[in-house]
Structures are given as C-alpha cells and as structure tokens.
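Following this line, the structures themselves.
Shared chain: chain A. Partners: chain B in the first complex, chain C in the second.
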Partner chain A sequence: MVDVTIVQPPALPRRRLLTDLLANPKVLFGGGFILMLVLLAIFAPWIAPRDPIEQDLMLGTLPPVGLPGAEPGYYLGTDDLGRDVLSRLIHGSRVALTVAFIAASLAALVGAMLGLLAGWYGGWVDAVVSRLVDIWMAFPPVLLSILLVAILGSGIHSVVAAIVIIDWTRFCRVVRAETMAQASMDYVTAARTIGFPRFTILMREILPNVAPVLIALMSLEMGIAVIVEAILSFVGLSVASGTPTWGGMIAQGRQIIHHGWWVLAFPLLTLFATVLAFNQLGDGLRRVIDPVMRR
Partner chain B sequence: MFLARLTRRIGIAAMTLFGVGVIVFVLLRVAPGDPIAMMIAPGATPADIAALRARYGLDESIPVQFALWLKGILAGDFGTSISIRRDVLDLLAERLPATLELATLALLVAILIGGSVAVVGTLLRRSRAEGVIDAANGLLLAIPDFVWALALVLVLGVFYPVLPLSGRIDPQSAGDFATRFYLVESIVTLRFDKLAEVLSHMAMPTLALALPLAAVIARVLKQALSEAMVQDYVLLARLKGMSELRLILQEALRNAVGPTLALTGVQFTFLIGGTVIVERIFSYPGVGNMAIDAVINRDLPLIQGLVLAFGLMFIVINILVDLAVVALNPRLRHG
Partner chain C sequence: MSLLSIKNLSAVSDRDGGAPILRSVSLELRPGETLGLVGESGAGKSTISKAVLGMLPRTVRITGGTAVFCGRDLLGLSSRELRKITGSEITLIPQDPMTALNPGRRIESQLTDGLRLKRGMSSDEARRIGLELLEEVHIREPERVMRAYPHELSGGMRQRVLIAAAFAMDPKLVVADEPTTALDVTVQKQILRLIRAMQARHGTSVIFVTHDLGVVAQICDRVTLLYGGMVVEAGATKEIMECPRHPYMQALLAAGPRYDRPDRKLAPVPESIFAGLREELASFDRRETRNG
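After this line comes the complex of A and B, so read on.
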C-alpha cells in the first residue's frame, strides 16, 4: 500500500483568514451594516418604538424630529395615515432580508449546480447549459420580473421565484468558468490519477475551491434581490399591502411627496445603504478570499 | 455577405419572437387569475360573465385562441385591451414614441457622460485623481436606475424644485403637437420654447436611466483605452508630437470602441427594461408605465401586445449593434 497525499492549492490558515476579513474596511462596513439590519429584523417587535400598522389620523404626516411641527417620540415622522416611519422601516427590513437571503440562496443553488456540471463534464451538458444562459441573459431583468409576477401572481413567493428564475444565470456563468479553471489544476489531476469517481472529485475537491467565489457572488445577489423586491412592492406586486415594505413606503411617499418627503426619503436611504453594504461586503469578501486577487 | 448576415439574423429574430410569443401566450393563460373577474360589475349574472368571456375569445381552447390571435396580428389586429377597452395597436402607437424618445435620449446622454469620464480618466492615469474617479465609478455601478430616479425626485423635484415631477409636457400643451414624437417634432419645427418644456420633463427620467449605463461605459471604455494607449501605434504618434488628448481621441478611441459598443448594445436593452419602472416613478406616459397597469389588471391582449413591442425593440437593437460591430471591425467584415 502506498500512501498518497493529494496536493491541495495553498489555503489560508483559518485564523489568518478571519483577521484578514476583519482588517478589510469593505467587509467591516458592509458586514457590520448587514449584521445590524439582521438584528433589527429579528427583534423588530421589541426594537420598533411603535406598532408599524397602527393608524392615527390625528398624527398624520408629522415631520421628523428637529423640524417644526414634529412630535416627540416619532423620530422619523409619520406617513399620511399617522403610521410611524421608523417603526415601518424596521419592520420593512423583515421582508427585504427574507427575500434577499432565500432568493439569493436558491439562485446560487440552481446556478452553481448547473455551472459545476457544465464546467466539469463539458460536452453536450456544457453546450445545453451555455446556450440556455445566453438565451436567458438576452431578456432585461426588470421587464422579465414584472412579466413573471404577472404569470405567477403577486406575493412574496412569486417575488422569490422571479428572482431565482432570472438570476441563476449570474451564478452559472461564474461557477462554470471557475470550475473549468479548477479542473486544470494539479490536485484535480492527482485525484483522477488515484481513480476517484468523477462526481466525487467535483463535490469533494472542486466545490470547496469554487465556494469562495460563490459566497462573494451571493452577497452581490442579495443586494440585487433587495432592489427587485423594492421595485415590485413599489408597483404593488409584492406582499399584501398591510405588511410594511420599503418599496411600499416609497410608493406611498411618492404620492405625498410635496407635503411628506420624509416618507420617501428614509426608506430610499435605507434601501441605498443596504444595497451598498451588500455590494461592499461582496467585493471585500472576494478580495480577501480569492487567492488570485489577493496576490 | 453583409446582406446574407442580415437576412440570417432577421430570420433567427423572427423565430425568437414567435417562440417568445407562444410561451408568454400559453403561460398567461394557464396562470391563476381571471382577467374577466377584474372587469365584471358587482351583481353580474353568470350569463353576463360568459358573454364577456366570449367577446374576448377567452371561451376557446388555448391553441384556438393562439391561432386567432396570430391571424389577427398578421392582419394588423392586435386585439382589444380588456382594461382600457381600446385597440391594442392604437395604444401602442400612442405610447411607443414617448418610450423611444426617452430611451434614445438616455442612451446618448449615457454615451456622452460615460465617454467623457473614460477619456478624462485616461488623461489623468497614474495620478491620484484617477483613483478617485475609479472609486466613484465603482460606487455608481452599484446604484440602479430605480434609486437614481427617486433620489432625483427628492433633490430636483422637492428640495430644489427646478424640474417638473411628472408627465411628458405641461398638461395644457397637449394640443400643440401634431405627432407623438414631441422631442423630435419640437426640434424639427424649431420651436425652442416647446423643446425646453419637453426637455425639462425628460431630464430626470433620462438621467435616472443614463447614469447606471454611463458608469458601465466609463469602466469598460477606460479599460480598453488604457490597453490601447500602450500599443506601438500610439507610441509612434506620441513620438510625432501629438498631444495626449489627440492621441486618445484620434488613435486609441477608434480601436477601443469596438468591445464597448457590443456591451453598450446589451446594456441598452436593460435600459429599455428599466424604462418600465422609471416611467412609473415620473408618471411618464410610455409603454413601460402602461405595462405595469396591464400586468396589475391581467389585461392579456395588452400584455401580449406589449411583449411583442418590447421583443421587437430588443431584436432591432441587437441586430443594429451586431452590424455596427461588424462594420467597425475589418477582420469580422470579411469573415
């Protein structure tokens, strides 16, 4: 019996990876903001100062604290129905983050699976998948998402399904290219020489090395998902109108823009910061984790 | 063979459009939600509903419905909108000019802004200012048209109310135009007061659509320019004493523009997709705005007409870009 050690590409020691991540300003800012948002979403009922759907017409369109006419306790003002903007913003993060995490994970799952298979097996598998991606990417996403929701019906499930159906291609393309690059590495040749089954090599050797790129891409996709959800709630095709969403608040704010700009401004700022945070986090992760970019 | 390429492209395009038409048609009909339910008055009898279904041909089987629809289109009849109760083709003819003008203007503005940033960035390369431009551009790439549009509404419509917030023209000016191409018409007839009015309404939606595309163009073109700037022919021109700006504009740009053009074509179709939401935000009376209402009302004939209209736009753009890339690249031209 001969012992064979398979040569792995140089991986970072785990502790150094962690310190590298924490030293990266993009990861720190993006990750910190997202972490805060996740906590806000989970503990929304305890953190939000008021009930997000409680109406009080006597307290309609109050400006944010610091402006003339503001009421203490309504920090970011109220909308035309007297609902507290800050509380709605906090509760709105629930829908945004739920859609972001579920849609991005499912899109990553579908896209990565197809990308791994296409990149590893090549031949007709690759031909079919690549052609499919080409056709898919020819449709503009916003239009396609609205059409899909028209077909699937409105609601949070349709929003998630639409994002997955449209955006799996982003993962597929990148994972396919990355798999092809990994497949030409020495450790893969070594594994094949030993006689591991092809599928085992794909799952046990290649997948872990594709994972970093996948994680960075998922962070970017979450930013995209938050925007798509906001757009669909803005036009009234996402969750039922009772649930607070950032897009729904923006739509309402657009209606009363001349006497209540804050109803639009604060959810827009939150949306912007969230998308930016996901982007920075993804960018930072890629720079720290990806061995090629680190060099 | 230029012509052969064109005919082949048009053939593929026609087949694609047909395929998309079939898929959308079938999916819309097997999907949950009844378009007729949206329009019946309370207290309608089952007989009334059945009569209404028959009137819009919804009582037939799906293949028969499709055949009827196709026959209608070939005769120039796109059907009648269920929610607006008007001819679909009339509605498209009324709304398409608004979207075409908006998208084209946005494309031009994006090329202008993106191109200028790329050239200035190349002029300033290896300086501290280049880093600032790259970082700013990286941030801009992350901001979608939806966010731009709303930010513009707040800043230029509310905090400093210098631009009108909605519509294409002032409401009382509707009778002043003979065609639906307000922008083109006011330029051709040299009515500069009208031109100013149209442009002030278009400014914000145009910028919202143009800025994300400008960021993409700036990044890709700057990359291509920096690769071109180290080539021998640029070095030769520099030795001849050409100024840096002329080097970029006369020598490098010509070779850098090809890849940028191909990408701009793809991105332009995304921009047209973006008109849907941007038109909504500015109550701009284009096809995009109408598409959202059509979806909300499950107005099947109108949705189908709109899908065909958008599909046709994408295909025409793709063919034009393809031809332009070939025309600009001698190696492809003879391939």
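After this line comes the complex of A and C, so read on.
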C-alpha cells in the first residue's frame, strides 16, 4: 500500500502572470521592441554613432551602407544636409517615447477617473461625462490636435497637452463600460450588502478589475501618441526644428525622395515598427491579463 | 412570533410603464424555518429577496406593503439604518459562485470583510474566525484556501466559501438566491446538505429562492409559489407536495419526476392553466384599480 499525499501548490498567481506574459509572442516581441527603443532613447548620446545635428554638406545625401557611393560609418546614409540618418533616428526616439509615455499616462489618468465616476455613480454624473465624450468625439482628432498646438504654441508640452485633451475620451468610454460591467457583478452586490461606502467599493472592488483593460489600452494609446507626435512634427508644430524627430525626418525626406529615398524610408519604417509593437503589446497584454478573457 | 413578516407588498417597474412586478404579496417566516420561494422567471421571487436585502434596482418601485423584520419595517428604513441590518442580520448566498467573488482579492480578505467592518475585529481575530468557518463548511486545507484567489477554487469550493461568508456574521436570516443553479447535480446535493447543517447550527431562518421543486421538497419547511408577482399557493411543503390546491401547483408537480413513483408519466403544464393564471392576474389588477 503506497501512501499518496497530494500536496497542493501554494497560491502564486503573480509568478504565473509573469510566465503567461512572457509566453505570449505578442507581448514578447512587442514588449521586446519597445524595451529596446527605450534603452536606445535613454542611452542615445552613447549609442548613436554621430552627432545627430552635425551638418557636413560635403557628405550630403549619402546612400546607406551596401549601395554604391556609400561612406563607411554612415550606416543608413545621410540627409541632404549631411546629417547621419541612423543617429537622427536614435535621437528621434527620445521625443517619440517621451510623448508616448507621458501623454498616454495622463490621458489614461483623466479618462479613467471620469470613466470610473460615470460608470459607478451613474445618474447625472454619467449624463454629464457621457455627453462631454459625445461632443468631444465629434471633432476630427488630427485637425483638433493641429488646432490645439497652433493655439498653445509648439513645443513638447503642447504636443502632450493636445494628445491628452483629445484622447482622454478613448479611456473614458472603455473604463465607463467596464466599470458598469463590474458593478453588475455579484461580488459588488455582496460588498454593498455588507455596507462598505460606495467610494470604497469603487476603489477596492472595481478599480483592480478595470486595471487590466486600462493597462492594455494605455499600450495602444502610446502607439497612437507616437503617430500624433509624428504628424505634428511633420507639419512642423512639434518640438523646435533642431531636435531630430521622426515626423520631421519624414517631412524632410519627402522633399528629396527622388534622389534620397532612404531619408524618408527609414523613419517611416521605424515609426511603423514602433506603432505595430505598441499595438501588439497592448493586444497581447489584454489577452493575458484581462480577467474576462482569461475566464 | 415571526422573524420576517411581509404584508401586501406591491411593486411596479418604472421601466415598462408601471407594469406590476409584485401583486400584494404576503408571507411569514418563523425563526429557524426554511421558506421556499418558487416560481418561473419573472414571477417576482428575486424581487422579494432583493427587497429584503435592500438591493432593489432603481427601476423597481415599491407601491405598498410592509416587510417587518424583528419589529422594524425594512422598507421604511433609511439606507444607513438598513445597512446595519443587511450584511449582518440578513445575509445573502448568491446565485453564481463564479461572479460572486472578486477575482482580484484573496479569499481571506473577502471572507472576513463583514467581520472587520461590522464587528470591528482585528485582522488576526477575523482570520481565526474565517479559518473556523472554512472548516465548518468542510473545506480541506483552510489555510491554503484563505491565501487563494477565487480562480484557483472550483465552483463547489467557491460556493462553500460564500456560504461560510453568509453565516460568518451569525445572521438571523439568510437569503439563498438559487444557490445551486450554477452547480452540477452531485455538488448541488452536498451544498443543500451544507446549508441545512449550517442553518441548524446557527439557528438561522432561510429564504430559499429556487425554481426547482425537487430542491424545495428536500430542504424547505414551507413553500410559497408565485406567478406574475402574485402568491398562488402557500403552505407547509409536505401538505402542498401531497395535496396541492391550486391547479398550477398540481400541474407543476405532475410535470416533474418523483423518485418514489418512477413509473409515473410526466405531463407538460397545459396551456389552459396559464390562461387561468392570466385571468387571475387580470381580475386582481381590476380590483386594484377599483380600490385605488
């Protein structure tokens, strides 16, 4: 007779979440790419092979390495002013990521707060917030952002402000709906019969269950913020023209596309890959951490 | 002396142009007794249980009647006074154990919420009582379950935790809102037996909301059958099961299997019975409009 004791493993959901996250290819590749960009942005002065604003007209419009006429050391070629494209891309990630992280976080903060209040308290709070969102969403976002920056004046603060002012509605709508869904759950009813104050229930029972959706949405929003920043730099309304930005590089490359396609192509590709990475990360995060999709 | 006495309770829906939800419902519950509230969906059984718990949705309006619990009319209390009673003297065993626990909080904190908030216990004290409760509902390894998150437990385990939570405050009345509907049949039987045992130990009255007459026969002392928010039949379970008076009850009993008479043919409830019920509702509404 063999004595079998079944020992149940202790509860370790946090570690499981981490392994789940790393097992998801979208999270792995999206997150990995973003992580690499963040490191590049932080250590740009040390990683970039050259000074991004140093001009050398003798070395203007050099093609990328591997094409006829390329100079060694200028891996992705130079623009018409002889500035190194690779170094400008690396330095340009600083503006893109700064805007992405700050704008997405602030938009999430504002939108989530209003969404939570609207979804939980309902009544006139919901009516006011929902109508505000409806009105807000009636404006075309890109035009509105250009208008806002034109009013606020260019510069990175205005870009962030414009994105927050436009995109808080995205968070507000999703968080409101999710809050209402959570509020109808029996555990919320249970907390109410026990007699917790309404605000306590919102913070303790509902917010933690809304957070996964919020985090996933933030990742998507960062991708959007990168695009909006690029659009604004493309039209010259972002940071000062000396600072390298992807949107600015695209605008510059567009003018010399016939004899220097790489000046346009590389920032476009970088922008594309970055937005894709943010979207994949957001989608993967949603799949892994959203309690509804896990169930 | 009855613990809960509902008299002529009427309610309408604010949404469907004042459609009646409850039509002058009266019922009595004595201490230690189990009352089955039976009826099809929309018959008003959960409206009654929600009214007792003070959890009526905003769209439901009480138009008359009283619900006296230990000498206080629950319907006349301010929400603050009501909160003192619900969650400690009246508690709930919810229907769906899958959504009744917060997926983001450990069992310990959810089980001991009431003890800490309403009894002002320290976490250590509450934890000790929580462990006792989990043992009382026959959960093995209560220490481990206390640390677990809901998704780590099976449906039956979660329902046991919820039963433990409902009895944690030594309530006078537990409202069990279809507590076995979401569970499979083998677990159902254990859960019913457990509720029975907990009730006997704590001397609690239970309102058992269900649409399963088999469950009623097993655990209810008395039963109230509702249709369209009106009491159709009420009385001791044994009497009603043996000689039902109302044709609807007779038809319902004929429609279900009975293991003491396995050879009996099952008959669907004939349409004429529903026609008769609708006529009863209509004549009730006519009387109401004449009086009111």
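Just so it is clear, the second predicted complex is superposed on the first by the 282 of 295 C-alpha atoms of A that agree within 3 Å, B and C clash if a C-alpha of one lies under 4 Å from a C-alpha of the other, contacts with A are read in each partner's own complex, and residues count from 1 in each chain.
Simple rule for what comes next: a contact is a pair of C-beta atoms (placed from the backbone, for glycine too) under 8 Å apart; a residue touches a chain by one contact, two chains touch by 3 or more.
Just so it is clear, the structure is predicted and the values come from calculations on it, not from any experiment.
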item: Fit or clash - chain C, chain B, common chain A; value: fit
item: Which of chain B and chain C A:146 touches, first, second, both or neither; value: first
item: Partner chain in contact with A:265 - chain B first, chain C second, else both or neither; value: first
item: A:209 touches, of chain B and chain C: first, second, both or neither?; value: second
item: First, second, both or neither for A:45, with chain B first and chain C second; value: neither
item: Touched partner set for A:73, first chain B, second chain C, both or neither; value: neither
item: Chain B versus chain C as contact partner of A:32, first or second or both or neither; value: neither
item: Three-chain overlay, closest Cα atoms of chain B and chain C, distance in Å; value: 18
item: Chain C-contacting residues of chain A that also contact chain B; value: none
item: Touching residues on chain B, where the partner in the complex is chain A; value: 24, 27-28, 31-33, 138-139, 142-144, 146-147, 150-151, 153-154, 157-159, 165, 266, 269-270, 272-274, 276-277, 280-281, 291-292, 295-296, 298, 303, 307, 310, 314, 318
item: Chain C residues within the chain A interface of the complex; value: 53-55, 83-84, 86-87, 91-92, 94-96, 98-106, 110, 113-114, 117-118, 141, 144, 147-149, 151-152, 165
item: List of chain A residues in touch with chain C within their complex; value: 8, 10-11, 13, 185-187, 189-196, 204-205, 208-209, 291, 294-295
item: Chain B contact footprint on chain A (complex, rising order); value: 137-144, 146-147, 149-153, 223, 227, 230-231, 234-237, 250, 254, 257-258, 261, 264-265, 268, 271-272, 275-276, 279, 283
